[in-house]
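Let me begin by handing over the structure; questions about it come next.
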Amino acid sequence: MASYLIRRILYMVPIIFGVMVITFVLFFVVQSPTAMAKRILGPKAKPEAIQNWLHNRGYDKPRFINTQPGATWWDSQFVHQMKALATFDLGYSDATGESIARMFRQGAIPSLLITVPSFIFGFLISLSAALFFVFVRDSRTDLFGVILCVAMMSIPIQVYVIFGQWLIAVKTSYLPAFGFYLSGASTIKFLVLPVILYTLADLGGEVRLYRTIFLEEIHQEYVKTAQAKGVSPARVLFVHVLKNGMISIITLVVASLPFLIIGSLVLENFFGIPGLGNLTVNAIRTSDFAVVRTTVYLGSLLYLVGLLLTDICYAAVDPRIRFQ
Amino acid sequence: MSLLEVRNLRIQFVTEEGETQAVDDISFFVDSGETVALVGESGSGKSVTALSLSRLVPTPPARYQGGQILFEGKDVLQFSKRQLQDLRGGKIAYVFQEPSTSLNPVFRVRNQIAEAIHLHRRDVQDVRAEILNILDLVGIRDPIRAMEAYPHQLSGGMQQRVMIAMALACRPKLLVADEPTTALDVTIQAQILNLLRELRKKLGMAVLLITHNFAIVSNLADRVLVMYRGKIVEQGPTQEVLHHPKHPYTQALLACIPKIGSMERRLTTIDHEALARMS
Amino acid sequence: MNFPLWIQNLAIFLLAASMGSAFWFVARSPRWQRATRRFRNDKVGLLSACVISVYLFIGLLDSVQIPAGPHRDRTALDWMFHGIKRERTYSAPLASTSYSATRPQPLEGRHVLGTDVLGKDVLLQTLKACRTALIIGGLTSMIYIPLGTLFGVLAGYYRRWVDDVIQYIYSTLATIPSILLLIAIIMALGKGLPQISIALGVTAWVGLCRLIRGETMRQSQRAYVEAARALGQSHRQIICRHILPNVMHLVIINFILGFSGFVMTESILSYLGVGVPVGTPSWGQMIDSARMELAREPAVWWNLGASACALFFLVLALNLLGDALRRAFDPRGSSVSVSR
Amino acid sequence: MALRILYLTVACALLAGCSNNPHPPPFREKRADGTPWQASYRPFPDDPRSLDPQFSYDTLGHAVVSLVYEEMLEYHPLKTDPYELIPCLADGMPEPISGSDGTLAYRFRIKRGVYFHDDPCFSSGKGRELVAADMAYAFNRIADPKVECPVLSTLAEFVVGLQERNDEAKRTKSFDYSKPFPGIRVIDDHTFDILLLKPFPQLLYWMAMPFTAPVPREAVEYYDGRSHDGTIRQQFKFKPVGTGPFRLVEWKKGLSLRLIRNDNYTATRFPTEGWPAADAARYQAMAGKPIPFLDEVDFRIIRESIPAWLLFRQGYVEAAGLGKDVFDTAVSARQELTPEYQARGVWLYKDAEPSTFYFQFNMQNPVVGKNRKLRQAISAVYDVDLEIDIFMNGIYLNAQQLLPPGVYGYQADFKDPYRQHNVEQARQLLAEAGYPNGYDAKTGKQLQLTLDLTVDDAESRQLAEFEKEQIEKLGISVKVEENLWATQQDKMDRGNFQFTASGWNADYPDPENFFFLFYGKNIPPEGNNNSRYANPEFDRLFEKMRAMENSPERLDLIHRLNAILTEDCPMIPLYHPVAFHLSQPWAPRVVLNPLVSNGLKYTQIDVAMRKQKQVEWNRKPMWPLAGIAAFLAAAGMFAYRWSQRHG
């Protein structure tokens, strides 16, 4: 097990390197830091100020290889970026000069407060709904359910948010239309609406996916065996099929766990929740490349963590898989 | 009264591609303690017949169009869900073709057998002892280890023994073995067939053996039913059908039998190896 | 980078033509015939196909130019709407005065779905956006389907180092969260339909490639491929005659489901400010504008209503069609992988 | 079943009981004397980038900086025509002095008894008194390359020593703060002179801008963003320490900035004159009173305009700008409040801003730069009134010149002959320009122009589409190039564009601050002349006008400058913004001058009225609860019957 994991982690090293190269090319070669400097210092800034800004951040160095006389060849933006990312020195926001590590630490909590409950509710609801539809499979209810799921998937998340905000926050005054602060139990009032909407927006897809997974299990031979044993349809579904289906589902779900921390791009911005999603959208809007590329990089790392978790999870829940 | 009597059973399949008459007006019976073989090529409707005995054929796409399935004199087609669940496993038990997929991969062998016992034999006090007992009965040498194993940790022959153990766990009156050896190595096939024969003697249950293999039939069956395109085209005592087939289909089928002798020779040569793999 | 109209039209045409010919090409195999038979009995699938045809038809209408008089780039669709006048600004559906609680002014004409901020007919804008959606879907498909299929088949067939290289490329791309990669690419390339399509294509081929690679590996181990190999057929022949036709259905299902994904993604991109360029009608932008418009008093709902409905029905139909095709090819639903 | 009903009731009660107030509670409920604590909640569009007064150069930064820091001078909060500077930290207006050696200088006296905020950066924890050395330190900071002061080069042209100190620091790669700043002559602790290189009447305006705010050296050195004894101190730019009426006590990024009253504040009081006669009673009550009135200012960061408006409607923020989408809700055709908002008691304010928006051409571009008639044609075809009507609620002022109203030299009755939306004239001009009907007379090809814009949201997108369509009325084709903000800036710098939309907001109300945008020596990278307009005649007049005090002669020069710009058309003036603002009934606005960014120090609110209105405006209807209950009941029924059927 340990050696397997080490091998997996080693395998990720070239991938991380690839990600770093891609982000570097996208953010440094194609977009010039000079434009960024203008953005930060304001349109009225003088060229010296810009040169100064670039110099202070090392953006005036050559891109890949330093060919200037007297300089070491690795004294370049690329090498410095690689080094910084590899050592988790996330640097400072181009826009505010704040420590990115600190921004991410602060943003993670609100994001998790939205995503974790949505994830739990969403998971439970979709699991039950999927089991229900599988239980009544091939009936009118099932067909209706599938169409409903697809319909829910076909609505962009913005429409959910626009409608939810309008209905609950504007028309009824039950919940705050906007805003967020951490303060014990009363934080909940800010979470209710985003959590509901986030759950709803993902529900259709999840139910449909879980339903497909369970349906596939339903056609397995062992289901026939169980029926022939005299096991009731409910027990067949909720014990035999559920346990088998859960293997696929849990591994899928585990892979998405690390992403909970990123939060929701659209939702957080609409509700003014200062999470990582909001941070990212804002960075995109203000061309804060330091933050955007860190998000890309961290997102990639999270994905790889997800893959690793999936492997571990498989080993944990599927008796058929044992690491050699 | 026969243990099982099927009268004029008709089953139709309705799919997007049209309707198929899977079982077309068949009648037969199985007496207590008797072994009956249902023979036919694939697609002849024999599996559907077997499954329909406890209404395991899913509806839709299947449709029971008519006839009766009398088990101990009661019509299975009129059973409630509750009665059906008692019938299945409790009275009629099944052994399927492919043991590797027919066992639930994520439950231990113990749990799978225990489930059957819990469902039909509430009176059993020591379930664990009973499981060991049954596993021993089907010839598993290290029942304690097998009990705690997951199906994939067992060899094909062992898996099929577990299937049989599971079927026998509730002392059924009728064991329906749906091509129980097709998926197995030739060497294991013989072992499983021997096991079935012994068990039938020991437990005195009736066996309905579904197969396309006449070699098995001649070894095991008292009577033979030959099925072709959903109809029973010939039936009678085994020796009579084998040696004096009346229906041309039966004659054609018999012509395809592999030489029994050669099979047995190979069987003896590979036996040790297979045993070694099993333990 | 902005392609002239005829190239965009070509995208739509190629889209329709390639779909048609792909069907025709593979429809002879028994597997496809079985699937066609099953599909014919699938009411939901047929209905979805009809809905999609309507969208395609509208897209085509808006691609045919009728150069008449001073209006050089007027399409057939514009021509059909030519009687409808331009207003100053918002007006409600079928209203006779312009939208305003306090300053209503008489309108030039009646508009079934009202007008938008610039006084354009919302119905026409909604219909014109079909073409934008089709072009995004079409151009993207032209990029990602050949890429994904080719690399998938190569990786799955040749294995060894080819597989390693291709796997490395797509693992790396898949590792970057796709929405961020999309935004980064568009930020780097600039705005525009082709750029969006390239970005979408770069992120979308990964999924297809992985799917095709898996299926190719499965097919390569089948007896008929072994047999072909034994008969001394070249790799190219085996790939073209045996492997490709047997993975084609996955490509088509993936294409249809992917298409709906692209249309949805466009709306998110518009929200993030990296959507289609100014002056290109698109549902995503209409939905994005709706946030502000909905807060007006009285609310301007028709923009959101029209665009969200148009988007909704297309995506719904595509999803249902994809499902129906999957059912047709695989009645017992044993390939979960397609749905991810 | 009974349990389920109980749950439902509890859930409903919770839902009904919970407030939709999105703000955290104020720091205190009551003041020390028992009167209500005045906490004001203000919508704030985004985090400021920096609160370092010498660095910050954006409206958001200034909004906070000007409450925490103060400068020698400030604008009179009530006078707008003309704008008037009054002393703030200075004890009286500065006197210009000319030395016998021909040097130019201004002498400032600092008020006595002005203290910095109490802060751990001072050894005693108590704020120290402000002295002249702090001003020298502030100017040293302007010169320090590490501070990145954006106006350094502008000031360096006039103030003695800035350039040298900057060059020296660049040479030695470190800045020696122990050396006195040569441009400031400290007479005593409360008197200093600023020495000038050449006449610079605009200096007084600069002395009212945050760049020249005195900064305590202790704070800059204390807040270094590094770890000391295990605790990380903040960076100075996030932890301002000034002499102003408020102290920043909490800044949660993306959420809020919270300031509370500086109890030691004595520098200024409410003005005793200058208010409009119509509102005399209200102002008289405040005249001469100590300020600030508020105990707490809570800037709530709300990036989207819709939520900000919703919160205003619900009574949870004190002020709101009127965006185009909500304009009709609150303002009627006669530009008055609608009955609903009149009934609410809301205040409406109309602020003409000292800004101009315009199209600007790249004069170095071979197509538009060399073709004056083409530029004039575009000017003539553009329907600014329609744009104002659709996008600016019809309230912006149609601009005919570069200078906005209120700035010295503005000509109220001036009409730009090429800016009258005359399509016939436009076609005529276009034909004369060599493109009859939009087609090149020589090659027969349609003229295609590229308009570079920053497009980042729905509104800017709609506006871009409008602008494109307007110019295309000429028969030419316009391609809108949508840029990210940074890309747009980059193009401006490199001159890599044909024409673009732009705007300028007055730093100070002097025509110099507008005309320098077209001064030939200000062509990038030297300055902000993004049009790259170079006209020797214009430059000569500009230089002359710049050094003059206001006089009829100067006025004449300004008019001539304006005439040159109008004829040459390097830019097309579009409009001067007029912002409509609403204030809640309990928080009427006091300040009338749009140049004043520290208006909150004059503001007060009626807490009791706010409480009452908030309840009134947030009544919760019962129908959604009934709906939810009905839905749950139906679902329960269904589940029950279904379970009955399926055993």
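So that you can tell them apart, the chains are marked A, B, C and D in the order they are listed, and the count of residues begins at 1 in each.
Note that in this section contacts are C-beta pairs under 8 Å (C-beta built on N, C-alpha and C of every residue); 3 or more make two chains touch, one makes a residue touch a chain.
Since we're looking at a predicted model, the values are computed, not measured.
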Central chain (by mean CA position): A
Maximum centroid distance from subunit A, chain identifier (CA atoms): B
Separation of subunit B from subunit C, taking each centre as the mean of its C-alpha atoms, in whole Å: 52
Rounded Å distance between subunit A and subunit C, as computed from the means of their C-alpha atoms: 24
Inter-centroid spacing, subunit D versus subunit A (mean Cα positions, whole Å): 36
Subunit B and subunit D: spacing of chain centres that average the CA atoms, whole Å: 85
Touching two or more other chains - residues of subunit B: 81
Touching two or more other chains - residue numbers and ranges from subunit C: 187, 273, 288, 291
Multi-chain contact residues (two or more partners), subunit A: 31, 285, 287
Sites on subunit C touched by subunit D in the complex: 2, 88-89, 100-103, 117-118, 187, 190-191, 273, 277-279, 285, 288-289, 291-293, 295-297
Touching residues on subunit D, where the partner in the complex is subunit C: 304-306, 309-310, 323, 325-326, 328-329, 331-333, 338, 386, 389-390, 453, 455-459, 461-462, 464-466, 468-469, 479-480, 482, 484
Residues of subunit A defined as touching subunit B within the complex: 138, 220-222, 224-233, 240, 243-244, 247, 318-320
Residues of subunit A touching subunit C in the complex: 14-16, 18-19, 22-23, 26-27, 30-31, 143, 146-147, 150-151, 153-159, 162, 166, 208-209, 212-213, 215-216, 219, 248, 252, 259, 262, 265-266, 280-281, 284-285, 287, 292-293, 295-296, 299-300, 302-304
Parts of subunit A lying in touch with subunit D, wherever the complex brings them together: 31-32, 34-36, 38-49, 52-53, 56, 95-98, 103, 106-107, 168-181, 183, 186, 188-190, 269-272, 274, 278-279, 282, 285-287
